[in-house]
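To keep things simple, chains are lettered A, B and C as they appear, and every chain counts its residues starting from 1.
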Amino acid sequence: MAVRTEPFVLNMGPVHPSTHGVFRMRATLDGEVVIDIEPVFGYLHRGIEKLAEQRTYTGITPLTDRLDYISSMSNNLAYCLAVEKLAGIKVPERAEYIRVIMAELQRIAALLIAVGAFLNDCGAYFTPFLYMFRERERIVDLFEMVSGQRLTYNYMRAGGVSQDLPEEFMPALRKFMDMMPRFMDEYDRLLMQNEILIARAKGVGILTGEQAINCSVSGPVLRASGVNWDIRKADPYSIYDQFDFDIPTQATGDCYDRYRQRVEEMRQSLRIIRQAMEQLPSGPVRAELPQLIRPPTGEAYARIEAPKGELGFYLVSDNSIAPYRCHIRPPSLINLTALRDMVRGWKVADLIIIFGSIDITVGEIDR
Amino acid sequence: MEIKPAGKYIYSDIELDREEGQVIEDLKANSQEPIPDPDRWLDEKLEQNILLTTVDALINWGRRSSLWTAICFPACCAFEMIAANGPRFDLARFGMEILRASPRQADLMITAGTLTWKMAPNVRRIYNQMAEPKWVIAMGACAISGGIFASAEYAVVPGYNRIIPVDVYVPGCPPRPEALIYGIQMLQQKIARRKNIDVRKLLER
Amino acid sequence: MTIPLSGKDVASKIEEKFPGSVVESSQDNLVVKGNFLLDAARFLRDTEGLDLDFLNFVTAVDYYDHFEVVYWLSSLEHNHSLTIKARCYDRENPVLPSVVGLWQGADLQEREIFDLFGIKFEDHPNMKRIFLWEGFAGHPLRKDFI
């Protein structure tokens, strides 16, 4: 005898402990199995693109900090690259090396939070998250030495960085680099073959490479699905073509692969920082520019490999002190298009894990 | 392999969206003035203050040493609050280790992030679900006055005190965890001076 | 390095397949007419040698008398990219065909353009506002919105 069922709609509201911020999902369920999902957001829409049309080119940098607020240095870097491409500004060499060191340190910090939050969703309630916060505090101390701020740094400028490194920075960085591999080995020992993690995350939420390309997914999610595409190698910006590092990829594209991908990328970032530390030249850290930049009329799109994916800035200028249009290509929003395909057929608990493995930040989705 | 194009959503309810939109528009129309801060303890006459009994002191000590927070963290300040809960700036030593999701078990709401008009009815609903006595700390520049985003008036509420009454304001963008701890200590001093039992009414009976 | 394709070469290829579709073309980008957009996009995605199967972003710009919708396409295999634009001269009710059938990544971005600019996309499965609430009057990113 068959039991008659009908699907119902469940609202996982904006204030929810597992949704990484104010993000709402309307899930259509048949029992416990998810049939369809509709994401609703806009609860943090602050109008950054509209505000950018009223501020000067230098004044937009603090706004870009608050986009993906856990990786502010990367946002600043992408914006400064776009302005330099538009106005044709050349950056001195010491500034390029400092930018690479900051961007890779920021990548480690952001990936630590991503992995910690993913493990939080898997059920290890807060323990790995706060362990990873311990490492992040050391990185944030380094950033505080340089810029004075703990979260939104506003450090990079069009034409370089805003100030030079203080003397205590390099010894502290060396101490951090000596300690960090030991912590990563500790996490691997505890987590890589953990039965519960493998049972919950292996085989769950598979995204094939073709689907990923069609949904315009980028970043660790794309590479975990087997596609070998990293902007640092394919379209190098700044001085990334002078460093020697690998691009890891994974085979299947399930949640466990995305977790492994992020851990592997952290190790590659450590390699890059070590090489940059040794090759750091001396010299000026900022190009000589007027206070108010007036780029010539035209448009430019510059993109970087942010910790979440491809972050790009599309700037249109009309030869005045403020941009005519500033569009931000948000990796979190575009990675979300793959959520519907990944989630169909799984249960509600798996929905939380799949959503956590995409790793979004609501500040970037809503801008 | 043929890529199947995106199909129609099974459930996409425009009616529900319209209702919610109407709620937001009504709230926006009704919240043009800021709600005054609850500082009635400043107006009390001096004699009533002297009659603060030991029972009061005991109740206030219990309340201020075990504040439980409700979750309301939209944006960047959330990470400073989590860092304040972390091992370095430990909030658990003040009794505030529980960061539970349910507002019904909480008595403090730390609002960490920019408030938009779309989110405002939800924040009001969470505030209403908390049981008395309850307090609110507005954390960060966006919570005090809209912050760096205040010029985008079409979407950003200029400060949480349009929607809920605020007790302590902690400035910063984002405020350091030490600043947040200082704000919490100010709130604890405010709770310590609170009158719970009106001795006059008791004596009249 | 990702090589930006020359707008003029691609424009000549599109022009011989669909005559009358290209409005103007330059070294950096090319502009097609709105009703030829879907055909040109399918041609760009499926042709051997072009294979532009990755849509980086879709956005719109408001030049006071017309809207311009910009598509930035790239190919992961050949490592080249192309900028293609479509113009929309109607201010009251701008309409363009949707490319969601070709690249699913345009789904949420086209909803965003509808929300902030007011440009509707035909055949989109879920054309609703995304950042602002239903019942919001106006479209914020237009130049005449205060």
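Definition applied: a residue touches a chain if its C-beta (ideal position, glycine included) is under 8 Å from a C-beta of that chain, and two chains touch if they have at least 3 such contacts.
From a predicted model like this one, the values you see are computed outputs, not experimental measurements.
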**Asked** Which word fits the touch map of the chains here: line, ring, star, complete or other?
**Response** complete
**Message:** If I rank B-C and A-B by number of C-beta contact pairs, which comes first?
**Reply:** A-B
**Request:** Averaged over CA atoms, how far is the centre of chain A from the centre of chain C? Could you give it in whole Å?
**Result:** 26
**Prompt:** What is the distance, in whole Å, between the centres of chain B and chain C, each centre taken as the mean of its C-alpha atoms?
**Reply:** 43
**Message:** Just the number, please: Cα centre separation of chain A and chain B in whole Å.
**Reply:** 29
**Per-residue overlap in chain B, given as positions that touch at least 2 other chains** = 3, 6, 9, 12, 118, 154-155
**Sequence positions of chain A contacting 2 or more other chains** = 38, 42, 45, 47, 50, 214
**Prompt:** Residues of chain C touching 2+ other chains?
**Reply:** 104, 107, 126, 129, 131-133, 140
**Item:** Residue numbers on chain A that touch chain B, as the complex places them
**Value:** 7, 9, 13-17, 21-22, 26, 28, 35-36, 38, 42-48, 50-51, 54, 62-63, 66, 69-70, 130, 133-134, 137, 150-152, 210-211, 214, 340, 362-363
**Touching residues on chain B, where the partner in the complex is chain C** = 3, 5-9, 12, 14, 17-18, 20-22, 24-25, 117-118, 154-155
**Item:** chain A-touching residues of chain B, taken from the complex the two chains share
**Value:** 1, 3, 6, 9-13, 71-76, 78-80, 82-83, 86-88, 101, 113-114, 116, 118-119, 122, 126, 148-149, 151-152, 154-156, 173-174, 176
**Prompt:** Can you list the chain C residues touching chain A in their complex?
**Reply:** 1-2, 53-57, 59, 61-62, 70, 72, 76, 79, 83, 103-109, 112, 116, 126, 129-133, 140-141
**Item:** Residues of chain C touching chain B in the complex
**Value:** 100-101, 104, 107, 125-126, 128-129, 131-136, 138, 140, 145
